[in-house]
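Just so it is clear, A, B and C label the chains in written order, and each chain counts residues from 1 on its own.
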Amino acid sequence: MSRDVAVVAFVQTRHTAEDTGMSEVELLAPIITEIKERTGLRRFGFTCSGSCDYLAGAPFSFVSALDAVGAWPPISESHVEMDAAWALYEAWVKLQHGEIDTALVYGFGKPSQGTLREIMTQQLDPYYLAPLGVDQVSLAALQARAYLERSGAKEDDLRAVAARSRAAGRDNPFALHLDDPGDAGYDVAPLRPHDIAADADGAAAIVLATGDKARELCERPAWITGIDHRSEAHLPGVRDLARSDSARIAGEKAGATGIEVAELHAQFTHEELILREALGLGDDVTVNPSGGALSANPVMATGLIRIGEAARRIHDGTASKALAHAASGPCLQQNLVCVLSGENNG
Amino acid sequence: MGNPCAIIGVGQTAYKTKRLDVSMAGLVREAAQRALDDAGLTWNDIDAVVIGKAPDLFEGVMMPEAYLADALGARGKPMMRVHTAGSVGGSTANVAASLIQSGVHDRVLTVAWEKQSESNATWALTVNTPYSTSLVVGAGGYFAPHIRAYMRRSGAPDHIGTLVAVKDRENALKNPYAHLKIPGISREMVESTPMLWEPIRYLETCPSSDGACAMVLASEDAARKTPNRPAWVHGTSMRSEPIFFAGRDTVNPQGGMDAAADVYRQAGIADPRRELDVAETYVPFSWYEPMWLENLGFCGEGEGWKLTESGATALDGDIPWNASGGVLSSNPIGASGMIRFAEAALQVRGLAGEHQVEGARRALGHAYGGGAQFFAMWIVGSDKP
Amino acid sequence: MPSKPDQSTVTDLPAEAPNHVLEFPGGYTRSVGPVIGRFLSELRDGRLVGVRTQAGKVLFPPLEYDPDSGEAVTDEYVEVGPAGTVQSWSWVSRPLKVHPLDRPFAWALIQPDGADTALLHALDMGVLEEGAEAPRYLKTGLRVRPKFRGRGKRAGSINDIECFEPEVTMINAPSRLEYELQGGRALDRFLEGVSQGKLIGHRCGVCGQVIVPMKGLCPKDGVPTTEEVELPDTGTVTTFAVNNLPDPRAPEVPFVSAYILLDGAGLTMLALVAGVPADQVRMGMRVKAAWRPREEWGKTMSNIKWFEPLDEPDVPFDAIKDYL
C-alpha cells in the first residue's frame, strides 16, 4: 500500500537566542493559527508533535501545548519524545492507511531555559556515560576528531562549513544572524564556538496531505517520495564515529539520488561532512541554504524545520528534488532521511 | 484500516516493587525476549522497534530509547519513541500497529516499560516549577476530586470502589505476572486501610511497579509462519483534549467517548457490553471502573456503579473487566497501557492461563493518561477481520 | 566472662582522657610463617588466596594445617573470590572506637567463591545513622566483595581489606539541572494582577467564557484571547480531595485541595481551602480568598493563602454540576 503524501504548508517562528518571555504555548499558538489560515483547515485527520520534557525541566511539557492546537472537539493525536521530524514520520505512516487525508505536525523547544549541553548528558547510558558527566559538545568533539583523522579533513574545512552556513543564515529571516567565524579558541577541541549549533527558542509546524487534497491545498506540493530512519548502537566506543552507517541506510531506503538541495540536521560542522559522505551528496548539491542548525537550533523542532525548508524549495520551484535529514541522540545516533519531489512519482 | 495486523508475540516481566536484579536494559530485554520466543522469532527477524514510556523523569534517563537502541536489537533499524503520558503503553502499540497496517514493515517489536523504583513517582509526576501550585501530590491527589464528583453525580454508594479493589486483586491471584497478590483480600481489608486522598483509600489505589511488556506485531504474511495462534487488530483509536477549559467534563471526558465510538465503528461493534467478551481497561483507582464503564458505553450515564455492583465485570460475569488484575494490581506506569493491550490479545488467543475468559473472541484494550485527557484503545479478535 | 557494663554504656561514657594507657611502644612484631605470609603477601597485591588441604578442600584464609584433621596442608595455593557469599553475620548498630568502621555495620563470615571456608571481616552496608537496624537486604547468602585499601596503603595485613561491601546491584545517579523558566506573557500578566490584589481573566471571543488564569488563548476554541475581565475573589467549591499523604512540597496534612469556580468564571481553578476542618468542606460551599497582609504581596499566587468559607448558603448541586 502506498498513498502519495506531500508537505503542503510549513510555518516557523523567528527563532531567538534569548528568552523573550513567551511560554512554549505562546511560541506555538501563532504558528498554529498561521498554518490553519494558510491551509484554510480548522481540523486535521491526525496531529502529532515532538518535544522533550527535559528542556522544560518538568514532566509532560507537551500537555499544555495542546492548548495551542484547539483540541476541541477532541482530536486524534500522538506525541514522540523525539525531534518533531519523527512526529512527521508517524503522521506519514498514519496517512498511508488511516481514513484521513490531512495531518498537522509540530515541534517546539526552549533551550534558553537551561544548559543544553548538560541537559543532553541525561540522554546517555546511565551506567557508563552519564555518571562521567560527559556533555554533548565533548562527545561531539570526540566524533569530530575521529572524522578528521579518518578523512584527512582539516579544521579549516569545518570553518568553511560554519562560514557558509552563517552566510546563508543571514539571508534567512527566521534564523539568527551570526557573524563570520572569528578567531575564537577551542570550546572542546577540536571544536570551536562556530562549529557548534546556535541554540535558539522556537517552534515549527507542517501540514501533510494526501493525493488530491494536497493538490487542492498547495499549488506545487512537495511530495514525499521516500522517508526512512535508522539507528546506530549507543555507546561511542562500539561504533565507527567517523562514519554514519545509519544515515547511509536511511538515504538508500529513501531513494536519495538526484538531489539538488539538501537540508541537513547537523548540530556541529563535522556532522555535515559526515552526512554528505554517507548520503552521497556531491559538491553540486546545495546544502543548508537556510543556514541549518548552525544558524538556528530550536531543539526538537530543528529536524522538522529541515523538512519544511526542503519542501519550501519545492513549493517555490527552486528545486525539483530535495532531501531533508533529521538526527536524534548523541553523535548522530539516529538519522532520518526524507526525499521530496515536485513530481509525485519521484 | 489498512493491511491486517496480527499480534504474534506477547512478553511480560513479573511486576514487582523493585526489580533490583536487572538493569533498565535487562528489564526491557526480558519482556522483549519472551515476546520473540512466543512469536518464534529472533532479534534479527525484527524490522523496527517502537518504545513507549512516560515520563523520562521516572528513571532520570532522558529519551532513553537512544541508550536502549542496541539493547533492543535496533542497530541499523528504525526505532521510535512514543510519549503520551499514562496512555503511552496503548499509543505505542497503536503506532506499532500503524507500521504494519501501512505496509511499511512486516515484523515490529514494541516495548513499554517503567522502573519506578529508580526514582519516586510522586516526585516525577509533580515537579513544581516556579509557576505551579503544590496542591496535587501524585496522581491520586489529582483524581480524587473527580472521583468525588462522580460519586455525587451518579449517587453511587461508597462501597463500589471497594468492590472493584477486591475483584481486581482476586483476579491478580490468577495472574503469574501480577505485582499485588493479597490472599484473602476482602471488603473489610480494603475498608480498614486509610484514606490517602479522600475519597480514595490506600487499597483502592494502584501499586508502584517495575516492569516491562512487549509485543511482536506482524503482517498477514509474517503471521502465517508463527508457531502460536495470533490475535488480530480490529480497530485502533486515539483522542486527546486540553486539560483545563470552560465546559470540560472531567468525570466523563468527551475524548474517551469519541475514541470508543471510533474504535467500535472500525470493529463493527454496536453494543460493547454484548459484543465484547472481555475488556482490559486502565483503572488505577478503583472508582475508575464504574466511570469508564459509562464513558466507554458499556451502560448509560450514572449506571456504571450498578454494573459493577451486579458482578457483571467479575471474572465470571457477563463482561469481565481486568481479568488480569489490571492496573490496580500491577502498575509500571509507562507499560501499564501496553499490558492492557497485550492482555486483551492474550485473551483472544486463548493464552491467558488461569485468568482466561472462556471462549473470548473479541477484547478491548484501553489506556488513558494526563488529566484523563489522552486516550488510546484497540480491539483485538481471534479472527482476521 | 567478668561482669562488664553493657556496650551502650561504654560508648556513652564521656570522652575524657583516660588516666592510664597500656600501649606497647611501636607495636608487637610477629612473624607470620610461610602460609599466612603467603596469604598476606598476596593480599597486599590485591589477591585472595587459599591453600588446598590434603583432603582436597580449599582452606581460606590459609592455615598451615587442616583444622579438621590436624594434617599439614599442601603447598598448592588457589586464588579465590574476590566475590563471596555471606555465611553468617552480626549487626553492630553502635560501633566502638576500635571497630574498623565508624557507622553501623555487620561482622560477617564470608566465603569467597572457590573456597570451602570463610573469613571474618567487617561488612559495610552504606551510610546509616548511629543506632540504625540492619538493612533488610542484608541476609545470609548476600553476595559481597572486598574493598581493598589503595596500593600504597596496603601493608600486608588483614586490614589491607578495609571491609567488604555488597556486590553492586544498584548505582546512584545524582541528577540536578538548572533552569530559568518563564511562565509566559499571559501568566505574567495574571500574576501582575495578583500582585495588586486582582484576579484577572480573559473572555473568549468565541465561547464567551471567562478563562482564569488566562492563557492568552482559549484551549477549547483554539483562538487568541485579549479581553481582560476582573473577577471577584469569591467563588464556589465544585469538588475537592482531602489529602492525607504528606509531601515535603505540599501543605501539612490533612489539607483540602479544591476546585473553585470564581464568580463569573467559566472554569474552575485548583486552590487550597482552609479555615474550616477538612471534614466540613462541601461541594457547593461558598468561599472567599484569604489574602496575606498587603506588605507581603509579590508577583505570586501565594499572595492568597487559601480560600475560606463565606457565611452564605451552599450553592445547589445543579448550579455546579456542569463545571465538574
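Everything that follows uses one rule, which is that a residue touches a chain if its C-beta (ideal position, glycine included) is under 8 Å from a C-beta of that chain, and two chains touch if they have at least 3 such contacts.
If you're wondering where the values come from, they're calculated on a predicted model, not measured in any experiment.
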Per-chain C-alpha centres versus the global one: which chain is nearest? B
Pair of chains whose C-beta contact count is the highest in the structure: A-B
CA centroid of chain A to CA centroid of chain C, Å: 40
Could you please state the distance in Å, as a whole number, between where the Cα atoms of chain B are centred and where those of chain C are centred? 30
How many angstrom between the C-alpha centroids of chain B and chain A? 32
Touching two or more other chains - residues of chain A: 54, 56-57, 66-67, 71-72, 119, 122, 126-127, 130
For chain B, write out the residues touching at least two other chains, lowest number first. 60, 129, 242-243, 245
Residue numbers of chain C (touch at least two other chains): 173, 175, 181, 183, 187, 219-220
Please give the residue numbers of chain A that touch chain B in the complex, ascending. 1-2, 47, 52-54, 56-60, 62-64, 66-67, 71-82, 86, 89-90, 93-94, 96-99, 119-120, 122-127, 130, 228-235, 238, 245-246, 249, 328-330, 333-334
Quick check: in the complex, which residue numbers of chain A touch chain C? 19, 21-26, 29, 32-33, 54, 56-57, 66-72, 110, 112-115, 118-119, 122, 126-127, 130-131
Under the touch definition given earlier, write down the residues of chain C that touch chain B in their complex. 137, 169-170, 173, 175, 181, 183, 187, 204, 207, 209-211, 218-220, 238-245, 247, 249-251, 254-255, 257-259, 265-267, 270-272, 278, 283, 301, 317, 321-322, 324
For a test of understanding, state which residues of chain B touch chain C in their complex under the given definition. 20-21, 60, 122, 126, 128-131, 133-138, 140-141, 144-146, 148-149, 152-153, 194-200, 242-251
Can you name the residues of chain C that touch chain A in the complex? 171, 173, 175, 177-188, 215-217, 219-224
